[in-house]
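In the two complexes below, chain A is the common chain; its partner is chain B in one and chain C in the other.
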Partner chain A sequence: MFDIDFSYTLFIVAGGAALLGAISGIIGSLAMLKKNSLLADAVSHASLPGIVLAFMLTGSRTHSVLIIGAAIAGCFAASNMFLLVKKGHLKKDSSLSLMLSMYFGLGMVLLSYIQYKPNTAPAGIETFLFGQAATMLVSDIQVIAVIGGIILFLLIVFWKELLLVAFDSEYAAGTGLPVTKLELLFLFMLVGSVIIGLQTVGVVLMSALLVTPAAAARQWTNNIVVMMLLASFFGALSGVIGSVASSFIPNLPTGPAIIVCISLIALLSFFLAPCRGIIPNYLRRKNKLIYADAHAVLDTLYILAGQDGGEKGHERAHIRSMFPIKNDVDAMLAELKEKGLATEISPAHWSITPLGRSVAERSGHIIDMSGKALHD
Partner chain B sequence: MINAQLEIILIACITAICCSIPGVLLVLRRMTLLGDAISHSVLLGIIIGFFIVNTIDSPILVLSAGIVGLLTVVLVEILAGTKLIKIDAAIGVIYPFLFSVAVILISLFSVQVHVDTDAVLMGELAFAPLNRLEINGVDYGAMSAYQIGGVMLLNIILCFIFYKELKLAIFDPNYAATSGFKPKTVLYGMMLMVSITVVVAFEVAGSIMVVALLVGPAIMASYFTKRLWAMFFLAPIAGVIATLLGYWASHLLTVSIAGSITTTIGLLFMFIFIFAPKTGMIAKAYQRHTMRAEFSVNMLLVHLWQHEVIGDAREENMKGTISTHFNWNGEFTELVLNSAIVRGFLQVSDDNTVQLLPEGREQACRAMEG
Partner chain C sequence: MSNNKSTPPQGGASDNRAATPMEHLQRLDVAIHVEDLTVSFDNTPVLWDIDMEIPKGVIMAVIGPNGAGKTTMLKSILGLTKPNAGQIFIFGKPAEKQRRLIAYVPQKASVDWDFPISVLDMVLMGTYSNVGWILRPSKASKQRAIDALKQVGMLAFKDKQIGALSGGQKQRIFIARALVQEADIFLMDEPFQGVDLATERAIVEILHDLKERGKTVAVVHHDLQTVREYFNWVFMINVRRIAVGPVNKVFTEENLRLTYGGKSGFVERS
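Presenting the complex of A and B:
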């Protein structure tokens, strides 16, 4: 009996976390394109006073009531920041930091106000700071699904416009799109995706669920749709892994577990992603260098062959002497031999093959004796 | 012995001064979010330090927290340096990761550690004077006052000594590099300074108030001056004013001190944002308004003069034609005409013709010359 119940709870929590990760992956990708990654950070911190105020006004601890408060506060903060950057001479980062701390400070004030009052223990509200997925109910998943559905619907309806504003807002303004309104619409979508995560990962870490999957997905593709799908897959995957891990390891908090998981995925992506990753990039660069060096040796062989026909081959020491700063000429020769571009006619005597000759001619590096490029 | 309340106020004020000085550098260098990141990730350093020495009040903790703070900056710089993601996204990836690891460590070993995760965010200024500095049984005051005061002095001295280097590295790193300064080194030194500041301030104020104290006073100062040295003076003053007001409000309403100070910083900023002379919203709107009126008057004078020169002033220089030619509504036309009449540039006769006066011609001439 216990067993079934346990796995049912786990199923709910993992499902909710996966749904959450999927939605935030998509919105996070768009936020990242707009270089607005940390806006989510400010918005999620700013939702605290809304949560506390909703509790103070209604006395209810119901998830849906509290996140309505969070949504209102989040929208306020977001439009506030928008206004500050547009109207003041404030830079984006300063206005984010300031709004983040101001709204969160207000939340702290309100929280301490109800704490000091008798008979209104705000139990359950503090879980919003770091999240508590274990208390997730089916109704909470429904809330996530409904808000997530609205966000996705808006995304599909305004897809073209949002994308244009994200990629080139000046051009979008030039074509007559209401850029300010679209930016505000996106802000509110971002607020929506932040508030549905507050219960699971909490105010402090919610921004990471938006930023990190997108950062990981960005490494694998240059296509925005693929990036969104991949980010939402990464988000969902870490949601599942994080919640399962926290149910098996006692005292492991779900929110931080999810964030650590997605961070590791991002770390792997930074290192391994085929087209942008650090390791593939390093290997490619190295290969390119070897390739360039080997071709320099090939060019030398070609020129030497042009001087004396090259039937007897050329002494290795002679070739080596033409590259005073490189000591791996032997390796280059071996590489050329492997590719069939050069042969070792007799011991320590090398010559270019017909294939090597055509490759050298095609490369366009070779200048013949009259000083004219053979190929241009 | 000073009484506890006064001591709390003193500690809060020292913290405000201590944070607002490196805050100026962060705001100008547009790196305030790094301050935010450090103020969260130092928690990991404190936990690691705790695992090493097994006590919560040891200088080792400050050291390890400082190292993790600097590590945050280095990691962000490396990640942003690979050009894989932008710097803001790099910050958004790194600090939640370090913070999550810290929270997980706290939760898994919560039996031994009495670190409250809420207190990490909110700080407990009210408890700041509890830890006393006692030498030979004589009470010399709160420990944290000495710690933060020391860092404050250090910050002031460093900014004084390296003023030129900091200024160059902040405003024109490329020029600094070509003239033989090392802007990268200065920047890392600066971030070390921020790290140490955040670590000591974090213990009493909590990460959110530290962010507010780093950013708020510096931004407020930037509304009154464009000079770096003046910002170094004004920012601490703004910080102290906000702290005093915030403490007073928290006392009045019996709410969280750190929260109240943070909110006050925000509100004070809002006030300055709206009412600041020259740079505030109202002042700017007023400037725009007067500029528009001034421009319109000049345009009108040149227009009238033009028609006088061509010789069709009798038909063209009428009140009605002016508003159609400039596409002004009647109200605005009246406004511009009145403003020009008051300044003695023109007169309107009874049959609604507008005539330039000599002064008006001169002004039109000046406007044409620009």
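Presenting the complex of A and C:
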């Protein structure tokens, strides 16, 4: 009997945490790219007084009541912050940390007030600090699913606009997009994704569940959609691992376990991811035989060939004119020749070889010319 | 430069004395009309009482010393900075209703080049304002983006992440993004800043092409030596409007001294 009950609870908790991690990864990616990571942190800390006040006013400990309080406080804090930046001429980071500590401090004061007040039974409210996944019910998962669904729906509908505002808000405003409204929309989405995690992960660590999967995923890809899906996967994975770990290890709280797990994934990503990781980058630098600039010369030859076919080659002086004087273009051309990537068709006339063409087409920012490219 | 054949009609109230102010505003050969524009930051005026007009079809240099308000001027037209006073009309209508007609090429430093999108994706963003809400760019939009990349000589780079590009290449894809917007007016903020020779030539070629297609272009420019060669119209500014008009009339030693306070160090060529 105990066993069945236990695994049912675990199933609920792991499912809820996975769903939560998946949604957090997606919204967190956009938040990170918008350089709004700190905003997520401030919003989640600021939701504490909202939770406590909601409890004080209604006397209810129902999850949905408390997170409405959290949402209101989170929105309030975020709008206060924008006002401070706009009207108070305060820098964004200062106003963020101001709001974070102010609201969180207020929340802690209220929390200790109700704990010592007679006739109230606040048990459970303080678990919102670090979360308590074990109390998760099916209805809680439904709340996560509904709010998460709304957030994803909004993301899909306004994807184009949100992406443009995230990348270049001035340009977006210049084309007539209502940038302020879109920023506000994203803020609501962010608040939504914070409040669904408060029960499981808690106000203190929730922002980590938003930002860390995104930071890990960014290391593996240069495609924003892939990045969001990967972040979503990382979030869900650590949700599951964290819940399972905390159910098998006594006294291990679920929220922090999830965060430790996603942090490990991030750490591994920082070191190992092929295109940006520290170790692959180190190995690349070590193996590289020629300057990164030689790649630019190769690209230039490639572009020139694209313009006129390149049968007659391109004058060395012309190629040189495209680079700063300090760059030793001749030496790079010689390097490229040695690697079989470029050839001197006639005196002082250079052209790209088919091999060079394929290397140029395949290369990313940094090219490993000593590596496989030459042999396959 | 043989730009006589396409020299636009001379803007200015004196040309049509009979027209009322409103009729004058609605003349279609005036692309941008700026009236009494004053902008200040922290109580320091950046632009002071600017009146000016840009006729349709000119390629205009905006020149002036650092802090003269050149970028602020462009941003005011785009509605990115709130003026303290003044009005701006685009083709005779209030600017805020005409934003879609303007394509903006910001300074390179204004975006995060580590953003995980490809060159093609970024250029495609230029089509967003014409696609409308909810919908995604169509095949035709994608083709336009590819054509624009071809035009700026960057097609081979279409799948690279934007951060992998050199300074000149970044500038080119900014311009490609503006080109796909199918705008009538192009505002470019220092497109020639820190680019290689090949890019400078490519940009000049694009300016010529835009002129031939009857587009209006305003370019914040620093190299006084090339003003005559690249542009047919010039706007000289130093917080106040110093002069605006055809290069061969307005771009004089006297006006340069007024603009740069006698310190331009620019000796006009014959």
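Heads up, the rule we're going with is that the second predicted complex is superposed on the first by the 288 of 376 C-alpha atoms of A that agree within 3 Å, B and C clash if a C-alpha of one lies under 4 Å from a C-alpha of the other, contacts with A are read in each partner's own complex, and residues count from 1 in each chain.
Quick note on the criterion: contacts are C-beta pairs under 8 Å (C-beta built on N, C-alpha and C of every residue); 3 or more make two chains touch, one makes a residue touch a chain.
As the structure is a computational prediction, the values presented were derived from the model and not from experiment.
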Q. Touching A:Gly59, do we find chain B (first), chain C (second), both, or neither?
A. neither
**Q.** Partner chain(s) touched by A:Pro253 [first = chain B, second = chain C, both, neither]
**A.** first
Q) First (chain B), second (chain C), both or neither: which does A:Arg218 touch? A) both
**Q.** Winner by number of chain A residues touched, once chain B and chain C are compared
**A.** B
Q: For A:Ser94, select first, second, both or neither according to whether it touches chain B, chain C, the two together, or no partner.
A: first
Q) So, does A:Glu161 touch the first partner chain B, the second partner chain C, both, or neither? A) second
Q: Check whether A:Glu170 is in contact with chain B, with chain C, with both or with neither, and answer first, second, both or neither.
A: second
Q: Answer with first, second, both or neither: which of chain B and chain C does A:Met322 touch in the superposed model?
A: second
(Q) If we overlay the two complexes on their shared chain A, which of chain B and chain C does A:Gly105 touch? Say first, second, both or neither. (A) first
Q | Which superposed partner A:Pro347 touches (first chain B, second chain C, both, neither) | A | neither
Q) Do chain B and chain C land on any of the same chain A residues, and which? A) 35, 218
Q: Mind listing the chain C positions that touch chain A in their complex?
A: 75, 78-80, 96, 99-100, 102, 104, 106, 110-112, 115-118, 121-122, 125, 128-129, 131, 133-134, 136-137, 153, 155-157, 160-161, 163-164, 166, 177, 181, 196-198
**Q.** Residue ranges of chain A in contact with chain C within the complex
**A.** 33, 35, 157-158, 160-161, 163-164, 166-168, 170-171, 173-177, 218, 221-224, 227, 296, 299-300, 302-303, 306-307, 321-323, 360-361, 364-365
Q: Going by the contact rule at the top, pick out the chain A residues touching chain B in the complex.
A: 32, 35-38, 40-41, 45, 84, 87-91, 93-94, 96-113, 116, 126, 129-130, 204-205, 207-208, 210-212, 214-215, 218-219, 249, 251-253, 255-257, 259-260, 263, 266, 270, 276, 278
Q) What residues on chain B touch chain A, complex-wise? A) 27, 30-33, 35-36, 40, 79, 82, 84-86, 88-93, 96-97, 99-101, 103-104, 107-108, 110, 117-118, 121-122, 208-209, 211-212, 214-216, 218-219, 222, 250, 253-256, 258-263, 265-267, 269, 273, 279, 281
